[in-house]
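Some structures are shown below for you to check.
Paired with chain B in one complex and with chain C in the other, chain A is shared by the two complexes that follow.
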Partner chain A sequence: MKYSYYPGCTAKTTSVEFGFSTEAVCEALGVELVELEDWSCCGASSAHSLNHELSLALPARNVALAQDTHLDLVTSCPACYQNSLKADRALREDEAWRRKMEETLDFRYNGEGEPRHLLDVLSHDLSLDEIRARVVKPLKGLKVAAYYGCVLVRPPEFTGWDDAEHPMTMDRLLEAVGAEAVDWSYKVDCCGASLTLSRGEIVTKLSSRIVNGAIEAGADCIATACGICQINLDTRQKCEREVPIFYFTELMGIALGVSGLEKMWGKHGVDPRPLLRERGFLA
Partner chain B sequence: MTISVEGDLTFRDVVRERSGEDIHSCFYCQKCTAGCPTAFVMDYAPAQLLRMIQLGQREAVLSSTAPWLCVGCETCGTRCPNHIRLAPMMDVLRQMALEEGYVADPAAYALHRSFLSSIKRWGRVHELTMLMEYKTRCLLAESSLFFRGLGSDLMMGKDLVLKGKLAFIPERVKRLDEVRKLYAEAGEGNK
Partner chain C sequence: MTALAHPQECLQCGLCVTVCPVEMVGGHAIVTFMADPTATDFSVWLCTSCWRCQESCPGGIDIYGLMMAWRRQESDTAPEGYRVAFEHILAHGQAMAVSQEELDQMRAAWGLEPVRLPPPDVARRLLTPSPAVR
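And now, the complex of A and B:
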């Protein structure tokens, strides 16, 4: 199983835990990721905020590069994923624009290099049995609230691989590695995303509400599949107790016995080590 | 708010055309507002804004803070019984507002502008210099914006540096000319 991999701008910096654990878990599961050569930024939420055309053109460059590899384009960042999906759709449907892009970027669109999110790939290209078979340290007794956030599963006519209001793919993966996925009501609520820089107080309110929801549901921790979600919940929660916020790949990594994760724990806002030690997942 | 029916009725057609969303079919059930995470801080809630567009209240709509507080979370579009997605509509309103000189939220504008200039410079976002440009732009726009949240910004910056989560040296895309060409074609060459 081989994919083109688009790490995105934060995979070595503010979301280094996600970048590291994505690569480690894929390696442990026999999923080969080949980093997209000379990839550029997808424009995040800023391009579509200010300039529609740029918001499609920037990710179109990555789709064009991925097409040359004949492999699906996998990313772990939901914003990159969503932007690439929109660009791919525009290349497919808007003929005049496609011709313009083909000329500017010197390529021929043929529909290869399909943008996929890592959660979709791990949930649908592998079977849960294959994942179960590789678990060396089941996350027995760990109660996790799987948090999907906004554009990972929305809008459904773009994504379509999980339910937009009550997604379950991440819950199933966490259960496959031995954790208990709790039932809760804030799975797809928004954390406030990029408002964290310009309007931090709004994000504090939204993120705290989500973390409180996880506490009420009896969760020990939250699992996310997004760099911004992780940072917002991790550093802006103001609740009765501190709740560790993991990337779902970090939790899978513990269960699959990947090495190097111990270097990630100190990078979290809420230190997850006391919880991991108490449950016997960390010496 | 006074609602007048002498509004600019071409406005709604332009918004429909540019966003590709059939905003005329909204029957004001307010499901979008009910699920919107940031409606509580907007001056006009999403459904209200839509109604104002239908009524041609151009100036009030373009000077509203709502498009600047919309985070594009797609909750509204997922739930609307008429399949209207407000995220693309909010994008269009923000872009039209800029074209006509309204900037209802200078801090959000400064952030997006700094982000885009970082990509133009390196091909990828370099967080450290992007954040420095953002704070500078805030200062130039309105000095109070620079000081708003400065304490927590600095704390966050210190934390990221101590945890080794900020790169000092930017990563540069090799074929940067391609990225710059995309900027030029989108009319962003000189911004």
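And now, the complex of A and C:
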């Protein structure tokens, strides 16, 4: 099972623990990720706000590079995923734009290099039984609130996610590695996203609502699939108790026995080590 | 602010306002304009890109697309965060303001191997119509 891997900027910088655990979990599951040679930034949220053409051209370049590999283009960042999807759709459906990009990027679009999110790949290209079989340290007794956020699932006609209001892909993966995925009402609510740069107080309110929702549901921790969700929930929560915020790949990594995760626990705003020690997942 | 046309398909039902997370905590985003075309106390920059409004809209209006068009029209009012990130994309090919040296130090501190930053002039080359920039 082999994929072209587009880590995106955050997985290599501010969310190194997401990038590291993504690669480590894939290796443990026999999913081969070949990092896309010479990939570039997808344009993030500023490009589509300020220059529409650039917001489609930057990710189109990655799609073009991925096409050469004849492999699906996998990313773990929801924003990179959605920008790549948009670029791919524009190349597919807008003939004039496709011709322009084909000339600029010196390639012929053929639909290969399809952008996919890591959750999709792990949930659909592998079976849950295959994942269960690789678990060496089941996350027994750990109650996790699986948090999907916005960009991964909405708008549903675009992302094609299982259910934009009640997605279960991450819940199922966490259950497959032994955790208990709690039922809760905030899994697709918004954390405030990039308003953290300009209007922090809004993000504090929105993120605290989500963390409170997880506490009310009896969760020990929250699992996320997004760099900005992780940072917002982790550093802006103001609740009755502190709740560790993991990337879902970090929790899967513990269960799969991957080494090297421990050196990054100190990077989290809410230190997850007391919880992990208490439950016997960390010596 | 020069208002873009209020969409014909909008029934002003207000569903978008009820699902907007920013409205929920007291802010006024573009959905305030959708519910009331005469409103002036809202900001198109107060949006988290969550797509709740669009998902809820019975008229199937591309509220997000309208807002992005508005943002581009009013780009001189963009908050600093957006402008800085955009300038950085143009100048260095990525939104994040991090140098190779800082990146190397950060990754070394977490015990990770160094990585190369993306090609710096990629955005300018994509915007310039000349062949074969790959």
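Simple rule for what comes next: the second predicted complex is superposed on the first by the 282 of 283 C-alpha atoms of A that agree within 3 Å, B and C clash if a C-alpha of one lies under 4 Å from a C-alpha of the other, contacts with A are read in each partner's own complex, and residues count from 1 in each chain.
Note that in this section a contact is a pair of C-beta atoms (placed from the backbone, for glycine too) under 8 Å apart; a residue touches a chain by one contact, two chains touch by 3 or more.
If you're wondering where the values come from, they're calculated on a predicted model, not measured in any experiment.
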| item | value |
| --- | --- |
| Joint occupancy of chain A by chain B and chain C, clash or fit | clash |
| Partner chain(s) touched by A:Thr235 [first = chain B, second = chain C, both, neither] | first |
| Which of chain B and chain C A:Phe107 touches, first, second, both or neither | second |
| Which of chain B and chain C A:Ala57 touches, first, second, both or neither | both |
| Touching partner for A:Ser194 - first (chain B), second (chain C), both, neither | both |
| Chain B versus chain C as contact partner of A:Val34, first or second or both or neither | neither |
| Touching partner for A:Thr14 - first (chain B), second (chain C), both, neither | both |
| Which superposed partner A:Gly260 touches (first chain B, second chain C, both, neither) | second |
| Chain A positions touched by chain B in one structure and by chain C in the second | 9-10, 12-14, 16, 38-41, 43-54, 57-58, 61, 100, 104-105, 150-151, 154-156, 164, 189-190, 192-195, 197-199, 202, 206, 267 |
| Chain C partner contacts - residues on chain A that touch it in the complex | 9-10, 12-14, 16-17, 20, 38-41, 43-54, 57-58, 61, 64-65, 100, 103-107, 150-151, 154-156, 164, 189-195, 197-199, 202, 205-206, 260, 263-264, 267 |
| Contacting residues of chain B [partner chain A, same complex] | 18, 37-38, 41, 69, 71-75, 77-78, 85, 91-92, 94-95, 98, 105, 107-113, 115-116, 119, 123-125, 127, 131, 134, 149, 152-153, 156, 159-160, 163-167, 173-175, 178-179, 181-183, 185-188 |
| List of chain A residues in touch with chain B within their complex | 9-10, 12-14, 16, 38-41, 43-55, 57-58, 60-61, 100, 104-105, 150-151, 154-156, 164-165, 188-190, 192-195, 197-200, 202, 206, 235, 266-267, 269 |
| Chain C residues touching chain A - in the complex, by the definition given at the top | 21-22, 24-25, 27, 45-46, 48-52, 54-55, 64, 68, 71-72, 75, 78-83, 85-86, 89, 93-96, 98, 103, 106-107, 110-112, 115, 118-119, 122-123, 126-127, 129-134 |
